[in-house]
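Common to both upcoming complexes is chain A, partnered first by chain B, then by chain C.
Coming up: the complex of A and B.
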């Protein structure tokens, strides 16, 4: 008798979040990307459809990053000093499908740029580049409450993904995102309960759950990766079992964490950081990550190849 | 050795203490009570006092901020005395120990519970101590039975039990007493197990002057009732904060404190002082002679009973959490430091384990949980929440540390359910005006447990707070910033009874959220552990001294109680005290309590891996899993 594989029947599914609006949908993006929509656990193609493959976005800053290791910076060269140039390089030289810009320069400790300056930058980026955009605030709650609504308004109709909303500071951001037709990043500190609570709080503001992408907070390989993995797994299991309040796609800030590991900064082993970032990313894809924010073009290349193989060669995984 | 004089203002009380004494101990020594949740470890920051004059030395503390330094505020527990001092005690550091009578039962409930007893619906009337009027046959040459045997003989004619004991002091005075009183005497008989003890012999007929007192000794609140043992009537009810709160707000801190030098003595005298003061006030109010109180029944959690009897509670705290004694023999009240008739008896309601004490036993007794046909729950909401699940076939109990928030302690404007406590609240959804009712319809002075439940439910409903408990309302005269996050003003000082704004701040809400999460998750884990589902529970008894009534809908809305059909839920007030009173009036009840305590299976939550998960998920209004509270959804 042939071996019968056990298959689980899931009742829930992850919502689909679209990032970027084309002219057809009232925006100016050249295309849009879709994340989420899973009806099964990662890689278990036979238990339910996994319609959208994980996406990778390049992370860029509005100011010259001062804590990025040389290994990451050197490929970008001088373009890291100019956000537009940097963005164009990611797209043209490294085939970025989407971009994630962090407006660190608005942070009171890192330049304290005004909301108006940042609005002009975002407007310029939207005009000059066509890829879908993920926009992050400065990380300072008070500043982001001024900055993000302005950014959201400036990018109205472009269906950006804007973040991050946290439990202490979600109201102003949610209101802006809701009014201007974007989606939101809900960030929780490696805690399923808080992730869920934040989703409920945001949806209580009127922003539908289908426009929330969860940032579960992750640790890089060797720095709590397994903890992040199990939290994501728990959330995903709950979502697939029918809990709508956690049925949102995951965004994972892989580059930021991987390049903080001391193993990534060993000068004598320049490849090690790339491998560290790629490994962290692939492990998280297996945990259910839908959108990975990465830094090193070579790591992105490896991960993209991995995603391609994983999502097109499902025959290898399930013989029939 | 040098003694210094420390004057506490505004009380104007003076303590004379040695150099290097802490301000906290000096205050205690002259009867000034300062808040100290951590029991003097210098970590809670509740005991700030202002040094007006004199020299002190303080250990450095992060809890003293720039403003405190400006007003010369110090933490009383880590500041020592180095000269004569003048110290001002700010109101927020003062531990209120005022006595109050309201709030344990409302009038109507009082009558109801009395009826239950006098109709004999529960237990046969047979008080633990009875007074028997005897007209003894005179001795003659034909009847030379000794005086004592003469009494025994007359007692045997009316009693089923045999007399086992008489105190020597009674016998010593017997000869003269009998002859002086013309052989007409009243004997007080105490029932101990299945024998009788002659407690007291008095001249004349005093059989209608026999009183008993029952106590529920809570970690935060002590309540008691004076009962006439001859007429079965409740004469008066009182409640007061437990003075032990000066040594820490929870049982663990107090157990740690009991290990300090003289710690046990201080804890013991704090509780007995509170109790004796309550007894004294009751006797004055109801014109009862202390000597006519012949019996006391005490219930309370295991630690409280240990401390009352000066029994070492240390091992309650240490794994595997073992108490010294759960079943205690009948004692003399004076052995526990309780001042009634010097030969009066003290019964302690048997406990189940280290964290499920006699209060649970007496709650199960008075609620009748032990004879329910269907699966029932008893939830006693107190500083130590106790939960008992069962019916006539089995009983299982667990305890959860909820903190004193629902008893009105540890929250900014909290108070016990006494006169002036806001007990019902509603917020208008349009203009956020607040309507409320207070205990005794007095001017509002604070908020009690049931008021907090209503308040949070109403704040959620009207969007003043979000489901995580943060204040969301902006740009409104009732919302402003405070040290403990934003605060919402219920009553402005113009309308309050103590010329202070009555507020709730985000830290209070957090406190209440933790308390409700501890109770709910304990209930949920116990039910799950016994392999039941919530919907199989047929009846829920809610006990606790947090108000005269409880709005069940609101308690469910905030996630304190599971979302079940409202008619299944009954609020029974202070069930521990009712149970103790039933025991006072019936030896059968007391025997039943023994049986119940032996029958309850204790379930230790701290070893259950699911408890922490449940607790974390319950830290949300009503719950992170909204499906469990489908009726509370908008």
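Coming up: the complex of A and C.
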């Protein structure tokens, strides 16, 4: 008797979010990247198409990071003191396909740079580099409400991914992102219901769900990874079953979490930090991660190759 | 999926012979459905009916034991496809492939290293489980290496050989040690089935296609082999995930007995990162046993940590011992931070305190493993409970100041806690991530 396989028939699909606009679409990026679009669970090509592979973006700061371990800092050398130089190094030396810049320097505790200073920096970056850009605020709600609309306006038409909107602070950011043609990061604290609620709130402001990327808030390997893992699985299952309000791609701040782990800071074992970052990313890819923000070039290299291994072998088998 | 009493009745002889002790076959069927009696009470069942009824009495994925004593590995008995539905029960067994064509000294050295792959994390011991000896030369060498390894480890063994004669000698040496025999294929089926039966050891059944694996396991069971582990052949990662998913789905949702066994995956990559990442993938996606080559402690730690994460019970969070934890070179002037005994809360706070490089005391209050807000809502994290904890610890004899830092999310309890404890309450940040800057700016009047 032939073995009857058990194939799920998913009715939903994840929306496709495009990051970066080329001249054809009113921006100045050299190319754009697409994330999302899944019609199946990770790697189950035989059940539905997975048109876009997970993407990795390098994370950089506008100021010299004060909490990055030496193992990561030393690779970038002096360029960590100059965001433009740092960005160029990621692209030229480490083949970064996209960049994520965190404007930590605007935070009242970390330099309190003015919105105008940050706008100048973003303008310079957009002028000098061609990769799609993800832009994060300082993390201080009050400051970000001043900063992010100004940034959004300065990057108008470039289709950046800007964040983060949270449940009690999303209106100002959403309005800016909507007006200037970007997409938004909606951040929820490891909670499917809040993620769903926030997506609804943001889309109620007129920003379509196709321009929202969810940050489920992850923990690193060994530090609560499993919470995010299951939240992402649950949200993804709901989305594939037809719930459009959670059918957005996931962004995961892998580098930020992984390099805070105690295991990543053992000076005598630099590779332990690299594998910590790589394995955090690996596990989250299996939970449905679409965009991974990472820090160590070697971890990025390993994860990128892993993604290639996942995607190439089965392409011919995916249903049309 | 259990059969109903009527389903079972249809499989019985319907002769009402009463030899089972019940008045009718129907009455017997009803008791069978309740699992109140065994099917062996009916002497007239035909082979097929018996197999069906036996299958329904068993768990959908058979529990398989490898090795013996405290270090034995038990895999199988899983109930769900996603950990949030219930939990994953039996953590994936991690084993290391040891080639038999290296010197005896090298073998002893590697076995020693594998024995040492033990790590303490969040109050649990993480350990590797198996050593798989792979034959590259003649049977004599293989048997010799089995002897050496067996004498030097208490871990369960996997015998990787195509040579039934050599395996027989090895199994003779390992009597009572319950090794896993790797592997039976369509070609060597009878010989390997014979070995597994004779020595009562679990056997790996391997084929490239799911359908072939299913046929093979049916044949092996017919030949009397009871304990099987099924292996998917060399394929791309995505295809293996597909196969592992199908095996789990068919066993659980379709009660497919021929695939109702733990699965085994051999990763076997020279590049360490590639091997560890691929192995990590199968930890998340249903593998019962994973065999790898690399034994570097830092890489194995990452894999075992992922296993710990994925196999944590989602309903019952990991807890830490509620007590005072001094972090760094603390003095009597160091700040005192209050949090819960939910492992994640504690370790997140710990990470930030360490990152701040400001020596501090962390007090974990016994909230039965609930996080700050949940515990507060459930009245497990109250001014009274906190006061009780700090009094028991004797905080006022440990620090010279009278200040406590509480999580920002429970700022509302400040007044009451201040009155009850007699300490000045400082409201900390809502998220642990705010701790480094909070601690740097923390100033209080010395009393």
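Brief remarks on what is shown
FYI, the second predicted complex is superposed on the first by the 312 of 320 C-alpha atoms of A that agree within 3 Å, B and C clash if a C-alpha of one lies under 4 Å from a C-alpha of the other, contacts with A are read in each partner's own complex, and residues count from 1 in each chain.
Criterion: contacts are C-beta pairs under 8 Å (C-beta built on N, C-alpha and C of every residue); 3 or more make two chains touch, one makes a residue touch a chain.
Owing to the predicted nature of the structure, the values given are computational and were not obtained by experimental measurement.
Put chain B and chain C next to each other and count what each touches on chain A; the higher total goes to C. Looking at the shared chain after the overlay, A:245 reaches chain B, while chain C stays out of its contact range. Of the two partner chains, chain C is the only one that A:276 touches; chain B does not reach it.
Legend: residue contacts after superposition of the two complexes on their common chain; A:197 is shown touching chain B, with no touch to chain C.
With both structures placed on the common chain, the touch criterion links A:171 to chain B but leaves chain C unconnected. Residues of chain A that lie in the contact sets of both chain B and chain C are absent, per the superposition on chain A.
If you check the complex, the residues on chain A that touch chain B are 167-168, 171, 191, 193, 196-197, 200-201, 204, 243, 245. Of all residues in chain B, those touching chain A in their complex are 466-468, 470, 472, 616-617, 619-620, 624-627. Chain contact summary for the complex, chain C toward chain A: residues 82-84, 121-122, 210-211, 214, 236-239, 241-242, 245-246, 249-250, 253-254, 273-274, 276-278, 280-281, 284-285, 298-299, 301-303, 305-306, 308-310, 312, 314, 344, 347-348, 351-352, 354-355, 433, 436-437, 441.
Residues of chain A that touch chain C in their complex: 2-6, 42-46, 67, 109-110, 139, 219, 221-227, 229-230, 233-234, 237, 260-263, 269, 271-272, 274-276, 278-279, 282-283, 286-287, 302-303, 305-306, 309-311, 313-314.
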